[in-house]
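The same chain A turns up in both complexes below, where it pairs with chain B and then with chain C.
For the complex of A and B:
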């Protein structure tokens, strides 16, 4: 009996550790941050909150953010949704290999897309910002819409087509994929409005209007000039309602995503003939990939060749010099980024597996808890973590300088990206047959061995996908890198600064190397084992 | 489970840093400061932790961090490229006196009498001019007052005075001119449609790329643009007899009160304020102007040496005292 209790405790330990991690690195810091806004030097007060309403800039920033989110999401829907529809549903030439590439722009850090846009066009206006964020976040729509289209049973569609005609059948199809499509749009909107790095980069380039996330960070960096309790708390007070709204959006996206039926494909949707539009239709996916991947890579290549200087024409000789400078100046940052991303992805996967198992099989609400960090803008999560671990009453006990350490940066990144892995894996857990697990309980094997064979092995492909996703997201993260001391030395953060100081040449090399790493890692199984590219999405 | 425990152990090991390493917060651009600091750390045989500011929150971000960490300091040294911010920290009681013997030959103007900070290698606030748009030097602007000259209506730029050297510049101007005259000047800039951009880099790029004929920026921004072959020139403003003079903003280094490894930090400060560092910073892309006599200046003759131009006589202490008030007022006028 005692043995069994001990075994139960041990088998539950990963789950409790994962929950403890969420509590320490997400819930407690955020709660402490919120609590501090109500406790001034004289005790409980709501002065900081009432001061919020006197700030005239907030309404302007909220309006700008909503407009930006709306415009960028509309573009994400057009590009991502169009890409998914054309590559999944039609006889588009090359659709088979263009389809999986729908996720490719996710590999490119949005800051690189911004650098590309800013180099070729005046990017300080509203529309350039909306376009580049729309392009950068379109993969969310592309991947989820494609998934929705693949999950629709083709026989049902054909029955609708025969009985009710083309228009009604298409409407039925749209309704069938609507949950996935909306979830994708909500995610694109969420990431657009929470983004701080790109709008701020464009601000440095000359943009004169500001988003809400920029306003929060602006208050945070200027807290030195604040002398009153209200001024010191103002960035947090401004951020918390924003966080609540993002949480609601995320909850809606998750509900929609859960509502999408995963029927398992019995018959794929019939291919729609595009007729004379077959070749012209290529323009949309190619335009999408060109804007999301081609343009940034083109600009980076030009930088490497010497486009940012006027002393000599662009040449391979100049590229050689750029490469040499990159080795001297930026290689340590690149390596730092790669090691950090590897550690973060590993940690995230280890934490996500028990969470996914539990939410997939027993506590569906755990999905929402695990997804919570996705609703917290990275910049705010970073601020909360730094504050809590630097001088928080509880978390400071982790160690005097823990908040400066590399491990702290890895944990903070892991907290930020845990939702993506946990949700991916939970979705996979739900697809696994329950009967096999139930039968497995009767096998006379140690619990660890049973768990490994029955729970972990079938998840391995999804674990790899989650690892790759986290690795790529960690490589491209800018907002946390700005706030966390140990992450300051990552390549993306260094590049955002270096470009400002006209070091485009070697920055271009580092950026291209970073992209190569981000692209090559997901391709490893395809290269080594011939795994299909479509598994990436 | 085992792998989770192993990873936990690994992270715990990574988190245990043992004795606190000397840590430096650096507001000077990372490209210039990092190679120097790496070299100094190697010479001293220490594992130096460097934290560099981001362009967006230039200086103010690190100053905020230092203020917030005052009860539990993380930094041993603050290397700031804006003197007024360091003086402000000293006034707040965050700095520990240390008169570096390596700075004994530094003019007294650029050292705190109580040893709270030591200045070195400066940048000047200059006007960058696009020589393709304004080929005739006789037509170039020559003063900060050109920002309010109707001749340049909508054709010139200055960074928003919220962070960086522009904050210090405008705070110093306010002290120099007085509140009323400064207010009139600011009103004049708005009436003259001066473009208020986000930073000195943005103003430099607007001129470099031919979008504007001239703007205020710092010598380092100008010099890099020039080095890259862009058609730009540099004007040290307000050089006329009786003029205000060009604002010179030196770097400053200071020891943080209660910071880790103070002894190593002092050795590091000795290296940072040395003649050699001034010479290296002058020769680097940033073309910083040495404050000592006898140290070789930047190669570009357009970046003048001390003594070749009239420097603005600004009251650093008074500017630093007014910094918080100026910043709060400027945020009202130039909301982000």
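For the complex of A and C:
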């Protein structure tokens, strides 16, 4: 009996470790930040709090952020929703290929999209920023909307069609996929309003307005040159209600996603004939992929060939020089990024599996806890982590230099990306038949063996998808790389700086290599083991 | 080695549903079917026996060992029993042979393939569940449960997902394998034919209560309540009204059976009703279907709000009115009788 208790305890250990990680790297830092800014010796009084909302700069930043979020999400809905509808429901030429490619723009860091836009068009002001963030975050809508459309039972649609006619049936269909569509829009909104790197990048190119994440970071960087404590804290304090709103939105997105029934094996929706619009309709998915992937890659290729320097025409000779410079100056950064992304993705899936199992089977509310970091703008999460581990009363015990270390950066990245892996896996856990797991309870083997063979092995395809997703997101992360000292040397961070100093040539090479790595990682197993690429989306 | 199973005063309380108290016993090597309509609590009872759910009160013994009571709840793998799930509940990522070798530590692949051969699955040893038909998957579920050589086999509607044509083969396989091992089997089903094919004793549940239990033959020949007759024999149970004059039924007023005080029904078994086109003393009914029988025709009739079947020498037109009459003495039984718990020592 004692042995059994011990093995039971051991089988729970991964879950407790994952919860401990969440507590140390998400909950405690955020609580400490909130505590310090609200209740500490230098904390804000209620009067100071209310005074904050009279601050015109903050009000302007909040309004600009919300407008940016709204505009970018509307574009994401148009592009992502349109792409999903055309490739899933219609006889669009090449729809089978274009469908899985809907996720492709997620591979391209938004900063690269911004670079591409800024290089070809005048990227000043609100609308260019909204357009490129809308393009960069459209994959969330595209993937979830396509999934919603695939989950609708075609027979039910046909029943609606026979009873109420085409227009009503389409309205019924829209209502059926509304949870997935809304969840995709909320994620796009969340990522847009939390983004710091892209609006900050466009500032250099002549932007005259600022978002909230920029405000937080702006105050934070002034710390080094001695601004008053209250000034430093004001955007962080005012970020708390903002954060609460984002948390509510995230919760709503998760609930909506969970409310969408998993209908199992269903009859596919009948294909809609586009008739004379069949070929012209290709413009939308192609335009979406062109803006999200083609345009940044085109600009990067131009940079490699020497478009940024005006002295000589573009040439392959110049490209060779660019590659040489990249190897000399940027290769260590790229390797640093790749190793960091590999470590982060490994750590994330190790933590996400027990969390997903628990939330998928027993504590559905754990989804919200695991998803919390997604609601926190990366820049704020980074600041909270630095403050907690640098001078926090509890976490400082990790050591003076821990917050400068590579391990700290890996943990911070893992905290940031844990939600995506945990939610992906939890959704897969819910899809596995419960009875099959119950059948495992009769097997006369130790719990660890049963857990490995019956709980983890069936999850492997989803674990792989989660690993790839985390790897790609870690590779393209800019906001955390800006704040964390150990992540300053990542390729994306270096690129964002390098282009400001006319190093577009070798920056382009590094960026292309980075994209190649991000594409090859899911592609190689697909080629080797015949896995369907669509399973990643 | 087979073991007995004893259930004493088992109760399960769930929001909006109460099961029990139930008491019954299955001797070692016995075959019991727990039957009842959907929602009557059969699956809940089976899950409690298996250890997948906890009962609110009562005792479950397997052999001499208490596996569940107020203080004990043995895990499913510690009860010495195995469960055959409704739809197989197979592990989607494992091959058929791997199902058996994983379920029974120490079982070699050759032994697993030999066991698969007993179920006609030797050619599918390396296939995964998605590549098996419904019947094959169910057979694999059965073989997986038998692989560790359990003392007691629990079956949750094992024939539900099996094609009608494969049912006999599955019944034969199940009976052969269980008899060879002298297994104690407890089956849960909503299907009368499935219960009668696989069990010798029956427990009839209705709305969470045990209404009747005993040998299947006795229950079929002498059902003690109308519900059992309806469920097991397909009897039509017509409502009655009781007055001082007796019990009024559509076929006339009869004397109340002595000792019966509950809600009585007129129980008409198939073949106990005769239909005629010519007017008689009995009530009238509308002809719904006509099917040829051994001698004459079998009619399905709407008698008021109730469906009855009757024998007729000629094929009456569908939609016509028939006059029906009882061919046997009227059988008045209470709708549901709370069964006296079997004498079971906890």
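FYI, the second predicted complex is superposed on the first by the 515 of 537 C-alpha atoms of A that agree within 3 Å, B and C clash if a C-alpha of one lies under 4 Å from a C-alpha of the other, contacts with A are read in each partner's own complex, and residues count from 1 in each chain.
Just so it is clear, a contact is a pair of C-beta atoms (placed from the backbone, for glycine too) under 8 Å apart; a residue touches a chain by one contact, two chains touch by 3 or more.
Here the structure is a predicted model, which means the values were calculated and not measured.
On the shared subunit chain A, the superposed partners chain B and chain C are arranged side by side without overlap.
Of the two partner chains placed around the shared chain by superposition, chain C is the only one that A:457 touches, whereas chain B remains out of contact. Of the two partner chains, chain C is the only one touched by A:444; chain B is not. In the superposed pair of complexes, A:435 makes contact with chain C only, with no contact to chain B. Contacts of A:59 after superposition: neither chain B nor chain C is touched. Using CA centres, the angle subtended at chain A by chain B and chain C is 160 degrees, rounded to a multiple of 10. In the superposed model, A:316 lies in contact with neither chain B nor chain C.
Once the two complexes are overlaid on the shared chain, A:23 sits clear of chain B and of chain C alike.
A simple residue count on chain A separates chain B from chain C, and the partner touching more is B. Once chain A of one complex is fitted onto chain A of the other, the partner contacts of A:524 are absent, as it touches neither chain B nor chain C. The gap separating chain B from chain C in the superposed three-chain model is 21 Å, by closest C-alpha atoms.
Comparing which residues of chain A touch chain B with which touch chain C, the overlap is empty. Every residue of chain A that touches chain B in the complex is listed here, in rising order: 10, 13-14, 17, 56-57, 200, 203-208, 210, 214-215, 217-218, 220-225, 227, 308-312, 329, 346-347, 350, 390-391, 398-402, 404-408, 410-411, 448, 482, 485, 488, 493-494, 496-498, 500-503.
In the complex of the two chains, the chain A residues touching chain C come out as 432-433, 435-436, 438-445, 453-454, 457-458, 460. Chain B meets chain A in the complex at residues 1, 3-4, 7-8, 11-12, 14-17, 20, 23, 29-31, 49, 51-52, 54-57, 60-61, 63-64, 66-69, 71-72, 74, 162-163, 196-199, 201-202, 205-206, 224-225, 227-231, 323-324, 327-328, 331, 335-336. Those residues of chain C that touch chain A in the complex are listed here as 50-52, 75-77, 81-83, 85-87, 89-94, 102-105, 141, 144-145, 148.
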